[in-house]
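Letters A, B and C name the chains as they come in the text, with residue numbers starting at 1 for each one.
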Amino acid sequence: MIIDRIVKVLFAIVCYSLAGLIMVLVGFLIFNGLDNINWEFLTSFPSNSMTEGGIWPAILGTAYFLGIALLFSIPVGILSAVYLSEYSKESRLQRLVLTANNVLAGIPSVVFGLFGLSLFSITFGFGTSVIAGGLTLGIMSLPYIISNTHESLMAVPKSYREASLALGANKAETTFKIIIPASFSRILTGVIIAVGRIIGETAPILFTGAAFYITRNPSTPFQPAMALPTHIFVLSAIYPDNVTPKLEGSISVLLIIVVVLFMFVAVRRRKETKKLEV
Amino acid sequence: MRRKRIELSARLLVSFAALLTSAIVFGIFFFLVSDGVRVFGEVSLKEFFLSARWYPTYEDAEFGILALLAGTLSVTALTLIIAIPLGFISAIFLSEFSSRKTHDGLKYVFELMAGIPSVVLGSFGLKYVSRWLMDYFPMQVWTGLNIVNASLMLSILAMPYFVTLMEDAIRAVPVDQKEASLALGANHTSTIFRVLLPQARSGILNAVILGTNRVIGETMVVLMVAGGATMIPTSIFDPVRPLTSAIAGEMGEVELRSAHYFALFMIGVVLLVISTVFTLVAMRLKRGGRK
Amino acid sequence: MQDPVFVVDNLSVSYGSKFALKNVTCAIPGKKVTAVVGPSGCGKSTFLRVLNRMNDLIPSYKHCGSVKLLGKEILNMDPVILRKQVGMVFQKPNPFPKTIQENVTYGPKVHGIRNRQMLKDITEKSLKQAALWDEVKDELKKNALNLSGGQQQRLCIARALSVEPEVLLLDEPTSALDPNATQKIEMLIEELSEKYTIIIVTHNLQQALRISDYIMFFYVGELVEFDTTEKITTNPSDPRTSDYLRGIFS
């Protein structure tokens, strides 16, 4: 039918154009900064009002923030998901937890920042520190981990549980020895996706943990650290023109990390669907 | 005996985790509201919400958020106008017209789109888009940092939401409905628009709600490129200061426990309430449609 | 045999590397009921779906050979046009989640009929032909999903008839229904065969024997035997056919 062809072509133009635009954008941003990336850039501190030096403290700081975030959100997230799929039935309590998870997923990043500031920096007294920022980021990433793990657990066939229970195992043994290992690959993919999502987040750590400039890396988690996204922000908004090469380099680095992470996830997903097709 | 203890501790552990998650949400409300309401010692409820005069740093400080609300509204509206139709068309193409290979490839690109850090988009908008706007619209544009700039960048952030969720909604319509329509001699296009899309209605609405929520809550892009002017806009080329960028922009310099501090927290409460309402509405709709 | 409606010549069908139909050749008579039978996986549904090109929806599907409908080759025809002439009713009733009336008028509307009176007439005519009119004539605005399974299936038949096809393909139309509803539909099929060519796939041999004029017996993708129901039941030519009839494999 002619109209089907016309519609297909028109819609294809829109879809491919958008995809093309994004690839051009990402490609441009990555390649623009590539010649600024070298060993020195990645391993030295910024100097001379950010016009020289590198982004090492920002890279390390990002790793610290991520580390603490995951230390919190992986156990709490996975266990909460286990509660939702294995240890609860349709009840008001279960609905409450599900609602809490969804609400958490929709909260603006800057609101997490305010919460982190109020709870961790002020009430707990951590001040502007890696631990305050990391925990804030952790709370923000919690719903991603919970939702993905929940889905992965639900995807495990009921027959596995039945078989295990029929052999006399209890629920804990079934869950932790059979169900979780069976869905481990998908859960791991979910964690990687969560990392990809929060690695570029700025607002939650802006006033809870990130410093704009430090001369040495933090030696305890109770000190502030630099981070890639906040560094990009600082270079864009506070030190405009003369730091352009450093800015482009930082953006490149961050984008390369994100692209690689997503490619990794896509490959893992392809392998998983191939496994199911057998 | 030992096994029983493991079973018990496992149950305790997971219940604790689940309760912690719920407690966190309540905690967020508690901390934000308890600091936020203290702004009403300085300003009346009516003035806070209905006045467009936001001068928190003046001697005689004023805390009206109407202009900030207008900022959020205008940026969100323009973003939705751009992103929803484009996302909708892409979703239809992906679910109905694309082959397996092209589908997977395009889907990867859209997922990547969702992963671009907002601060990177803000930086791009700051450096390049603002200049383009000033070059191509010299008559209307007096600053390159405005609603249009923010909306363009936000569209990039929001579009993947619309595309993915809408595509899922269309795919969720049972195949036998499609077969029934085609077997009657309807062409593909009619089948899509008269049978599939109407049945995907609730999923599409869900996508719109969640995507809108994302746009309203976005901070870094608007902080960097929306312009920062506390004014109620009269043209899409005006600079604005949405709610999120007010908090992010001013929190750094605010004095702890000052009226300004509490005012920013109250803005946080407003954002929290808006996002929670959106989330609950989406949940309610999803439950209603699943009969 | 009367003028054949379908002439199939050396039709072979595969999904990817797996063959589903091998060298099928036959001529299907018009205005008769032809039952397509055979054990599970023999290719009978696949064959049916070639006749209205529904298999095109499956990405790995390939066909070769020739199938002519009233003289015109259908394998390279625009399937959308073909499906107006060849209607299909599916195993599981699949009415649209709309009113009964909207279900029946969807087909005509899609083919350009806008006149409200015409649409009303078509609705009545189709529902009467499907023996459903008396049961629903006062409730045309009711949602189709509120009907019973048997009623829904008759609605699907009415819907298929609303575009006035030459041929009606039925893919195991009663296997999801109770015996009462099944009986109603079998009586309906006999009536309809006066006006339409009916080709029905069924795994219920008794049903095939009850209602069909001709039987096509498929086995592992091949058309083993095709003859009048009388001849096949009293004196099948192929041993596989007689084995199947005796219930050795089903």
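Everything below uses one rule, namely that a contact is a pair of C-beta atoms (placed from the backbone, for glycine too) under 8 Å apart; a residue touches a chain by one contact, two chains touch by 3 or more.
All figures in this text were calculated on a predicted structure; none of them were measured in a lab.
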item	value
Most extensive contact between chains (C-beta pair count)	A-B
Central chain (distance from its CA mean to the mean of all protein CA atoms)	B
Label of the chain whose CA centroid is most distant from the centroid of subunit B	C
Computed distance of Cα centres, subunit B from subunit A, in Å	17
Cα-centroid distance, subunit A relative to subunit C, in whole angstrom	53
Subunit B and subunit C: spacing of chain centres that average the CA atoms, whole Å	50
Subunit B residues counted as touching two or more neighbouring chains	187-188
Multi-chain contact residues (two or more partners), subunit C	80
Subunit A: positions in contact with at least two other chains	1, 4
Subunit B - residues contacting subunit A, complex	3-4, 6-7, 10-11, 13-22, 24-25, 27-28, 31-32, 35, 86, 89-90, 92-94, 97-98, 104, 106, 108-113, 115-120, 122-124, 126-127, 156, 159, 187-189, 210, 213-214, 216-220, 224, 244, 247-248, 251-252, 256, 264-265, 268, 271-272, 275-276, 278-280, 282-283
Contact footprint of subunit B on subunit C as seen in their complex	52, 54, 57, 59, 79-85, 87-88, 90, 92, 94-97, 106-107, 110-111, 156, 159-160, 162-163
Interfacial residue positions of subunit A with respect to subunit B in the complex	1, 3-4, 7-8, 11-12, 14-16, 18-19, 22-23, 25-26, 29, 75-77, 79-80, 82-84, 86-88, 96-97, 99-115, 117-119, 122-123, 139, 142, 146, 170-173, 175-176, 196-197, 199-203, 206-207, 229-230, 232-233, 235-237, 247, 251, 254-255, 258-259, 261-263, 265-266, 270
Of subunit B, residues touching subunit C in the complex	99-100, 174, 176-188, 190, 194-195, 199
